[in-house]
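Some structures are shown below for you to check.
There are two complexes below, and they share chain A, which is joined by chain B in the first and by chain C in the second.
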Partner chain A sequence: MSLNNLMLNVEGLIKEFGNFRALDGADISVKEGKILGLAGPNGSGKTTFINVVSGVYKPNGGKIFFNGKSIYKLEPHKIVHLGLNRTFQVPKPLSGLTVEQNVKVAAVYGSKEGNTKDKINSALSSVELDNVKHKEASSLTSAQQKLLGLARALATNPKMLLIDEIAAGLNQHELKRIADMLIKLNKFGITMIVVEHLMSFLDILTDDVVVMNAGVNLFRGSIKEASMNEKVVEVFLGR
Partner chain B sequence: MLKKRIGSFGIILIIALIFIFLPFVYNNQSFLFNMMLYIALAEGLNIIYGFTGYLPFGYVGFFGAGAYSASLAILFLHFPPLLSIFIGGMGALLVGVVLMPLLKLSGAYFAIANLAASQALYYIVANPNLESITHGPYGISLASVYNPHASYYTMLAVLVLSMIIVLFIRTSNFGLSLLAIKEDRITASLAGVNVAKARAIAWGLSAFIAGLSGASFAWYVSVFYPGTVFSLNISVIVIVFALFGGIGTIAGPLVGSLILYSFYNFIGISTPQYFQLLYGILIIVLVLFLPDGITSILQKRKIYVP
Partner chain C sequence: MFEYTVLAGIMYGLYFGLVGIGLNLIFGVMRMINLAHGDFIMLGAFLAYWLFHLFGINPLFVIAISCVVFLFLGIAFYYIFVPRLLKSKDPEMLSFILFFGLSQVIEAIIILSFGNNQRSIPSNTFGHSTFSIFGNRFPISWLIVTIVAIVVFIAVYWYFYHTKLGYATRAIMASRDESLVSGINVNRVSAFAFGIGLILASIAGIFSFFMMGAAYPSMGTNLTVISFAIIVLGSLGNPMGTIIGGLIYGLAIMFMQTYLSSWSNLLPYLLLIAVMLFKPEGLIGKTVRSA
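Moving on to the complex of A and B:
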């Protein structure tokens, strides 16, 4: 793999909480324009990985390069300005603000490029929330709040998105809609890491999956290969 | 946005005109001065509490720092009063910078730490060993520059400044970023907001306003003790005034101060025993039925409150 077109390159990432190592030397990289699925059982370090890469948690060791630049221990807003953003498994809306204001903050502060109004409108229409833009964010359903999180991230003009379990708790119809949305965004050139429990959801998005366990990457390949890999089956189902 | 700014500016203009001309027809200047003082302080507190959610229980620390910085500039450096008032604002800002690490705390921890810091400042200023500098517990006398009229209009200028700052914050993207921080710091930072910088600016502005107010107060009364300008009552009163009206707006702290300070003056001084009772009832009613202040009645009906 040529290093030149790697959008994200993480080597030996370590994150400790007291004596517990949530990330124990994870190596994960994504090429520009691709979607990488990130799977693994509960507690395997998937969300911690996203939290550390996006700057929400400070790492204890390793290297993180985004678009050729080190973003190790960088503040979240600086990482956002470089073009890397994320969504949350449990949505964290700016509850007291309207949907439009939620996106406006990101459009104004997330990136200097482009017209603020255009960025707001395009982010809201990408996630089909334009019809509720004057509503307070707290009044949205959980699925809508997840989409609002995605819209906020989009308004910052990201080159890459880290999507954390966006499908959790959604019905089949919503799942399909979100999968289509992510595929469309990817076609527009946004590289992605999609953390997901639901293999069927990942299967629609990509054939390149990393399976994590105990804070390290255990396997990389297609979902079909993963399902036949002994170690992967073991961590998911137990021996 | 422009319409809202003009509307809010109209309110500020009306308030300014009222306080310019009222002394000619109403001779209780001290009441008017204190009214302006409390509105300015409530607006200053509003900047940090209303827009970022940090409740500064030790807000009076900035007030006292401003009063003392200005007084020392007058007494030792022989600066003219107006320059000294500015020094008062800068003195409070300096205290704000020193206390900035407190912003890493949140909720009750921040409130308590800030309260302790203001009291630490009080004990430093009131320390008899510092008598040669701060006059310790014996207080300050600025009799040489006493000028109730000039200090009255200086307070008015501070009041107008405080309201203009809140107007700017209320109607700007900067204000929106502060509200985002108030809602969720992590989400705000992932929207690209430099959280530490934005809240530091809000904190500094808030401290600066309290410092200018304290300095104007020092000039107006001319004789005061550490206990006067570091009294926790000031923090509590200002927080109650701001909350009563409704934080996060210009109108809220203004209305809250106008109503409650008038109420305090007309009932609190003549019949203090009933005042305490009525005040208590009023606060209970407020907390139970209007936790977002009286201006929230309008906001709930989708009416824009400046």
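Moving on to the complex of A and C:
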């Protein structure tokens, strides 16, 4: 893979929690404009990978380059300002603030480019939350809170998004709706890593999937290839 | 008597809201209980005492000085200790030890420097006059303290709801992680909020002479307990809720002192137990839907 059009390039990433290595030398890269699926069993290090790359956790080793610039141990707000943002598996909307105010905080602090009002309106309409913008964020349904997390990230004008299990707990209709939104955002030029348990969801989004296990990447290829790979099958189903 | 008790309770309540609001702001932002809160109130009182007795500075003017001193103290303290604390395995637990230690150190330094005597500023500093509400007469200093408390509450409200920094502070109070990835420099905003928390404590200290009689180095522990009871009563992590907590505490203490004075020292503990049993989220706390 040529290095010059890599939006994110992670090499040998290590993250330790005490004696436990949650990431044990993960190598993952994504080309500009692409969607990469990140799959793996529980505890394989997917969410830790997102937490470390987005700066929420500090790494213990390895290299992280975003758009050719090292973001290793960079503070999260500086990573956001460079154009890399993420959503959370369990969204934590800013309770006490309305949906619009939640997005406004990100629009004001996340990026200096563009008009704040335009950024808020565009982010809310992208995730179809404009009709509930005056509601208090904590009163939204689970699916709406996940979309609010996405809108909050979009308001910071990201070049790349790390999406953490956005489909978990959603019904088929909501899954299809969110998959369509992500595809649309990708067509507008946002590169993505989508962490997901549901292979069917990833299959709609991309044919480029990395399977992780025990903190390292085990496999990269299409979902069809993954389903035929002995190691991947073993990791998901056991021996 | 009943009318007097209610009116005095409201004035005391607003003052006690001021006593607790800084603790609640710091808890809201950092999710840590500043066990040295009462000691910062004591430091505010000693600052006012010395400035009054050495230079004759009126306590009202000490507010401006304390804003500068305690903002600086708060920001410095935050950057020296808190980022390291947050990197630890159990920041909440370690923060108890850190702030308890800080409380002991502050108290010891003041005792070693000035002795453990009670200090006071004359109650007639704001004049000898009294004021009357519905025929009940109160010292003028109570009215001034009440006005100061109301002005401070309005300023805190204005900060939270009408400033960019206030929005960021509310965002951090709601979710530190979401704030981090919203592009907010969480450390900078938290340090500023910590400074504001200490300023609020110091303002409560400046006026402690007029509401509690005297200041002394070991007063901090008791004030921390009272503040904690007040913020739990209102709603932990919701600074504006402290006003409600303070009012209930003020009214309750006045009624206790009027009708059951020998039991009044038990009040903060009784209120804490009652809230924990019947409304642990605080009187104005709300349950939040989680995805």
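What we mean here is this: the second predicted complex is superposed on the first by the 239 of 239 C-alpha atoms of A that agree within 3 Å, B and C clash if a C-alpha of one lies under 4 Å from a C-alpha of the other, contacts with A are read in each partner's own complex, and residues count from 1 in each chain.
Going forward, contacts are C-beta pairs under 8 Å (C-beta built on N, C-alpha and C of every residue); 3 or more make two chains touch, one makes a residue touch a chain.
These figures come from a predicted structure and were not determined experimentally.
The superposition on chain A brings chain B into a clash with chain C. Once the two complexes are laid over each other on the shared chain, residue contacts for A:86 go to chain B and to chain C alike.
Within the superposed three-chain model, A:211 lies out of touch with both chain B and chain C [touch as defined at top]. Of the two partner chains, both chain B and chain C are touched by A:56.
In the superposition on chain A, contact of A:109 is made with both chain B and chain C.
Contact with neither chain B nor chain C is seen for A:192 once the two complexes are overlaid on the shared chain. Counted by residues of chain A touched, the larger count belongs to C, out of chain B and chain C. Of the two partner chains, both chain B and chain C are touched by A:77.
In the superposition on chain A, contact is made by A:101 with both chain B and chain C.
When both complexes are overlaid on chain A, the residue A:154 reaches neither chain B nor chain C.
In the superposition on chain A, the residues of chain A contacting both chain B and chain C are 54-56, 75-77, 80-81, 85-86, 92-97, 101, 104-106, 108-111, 152-153, 156. Across the complex, chain A is touched by residues 173, 176-177, 179-180, 182-184, 186-196 of chain B. Of all the residues in chain C, the ones that touch chain A in their complex are 87, 89, 164, 167-168, 170-171, 173-175, 177-187, 238, 286, 288-291. Interface residues of chain A facing chain C in the complex, by the touch rule stated above, are 18, 54-56, 58, 75-77, 80-81, 85-86, 88, 90-97, 101, 104-106, 108-111, 138-142, 145-146, 149, 152-153, 156, 169. Remark: chain A residues 54-56, 75-77, 80-81, 85-86, 92-97, 101, 104-106, 108-111, 152-153, 155-156 touch chain B in the complex.
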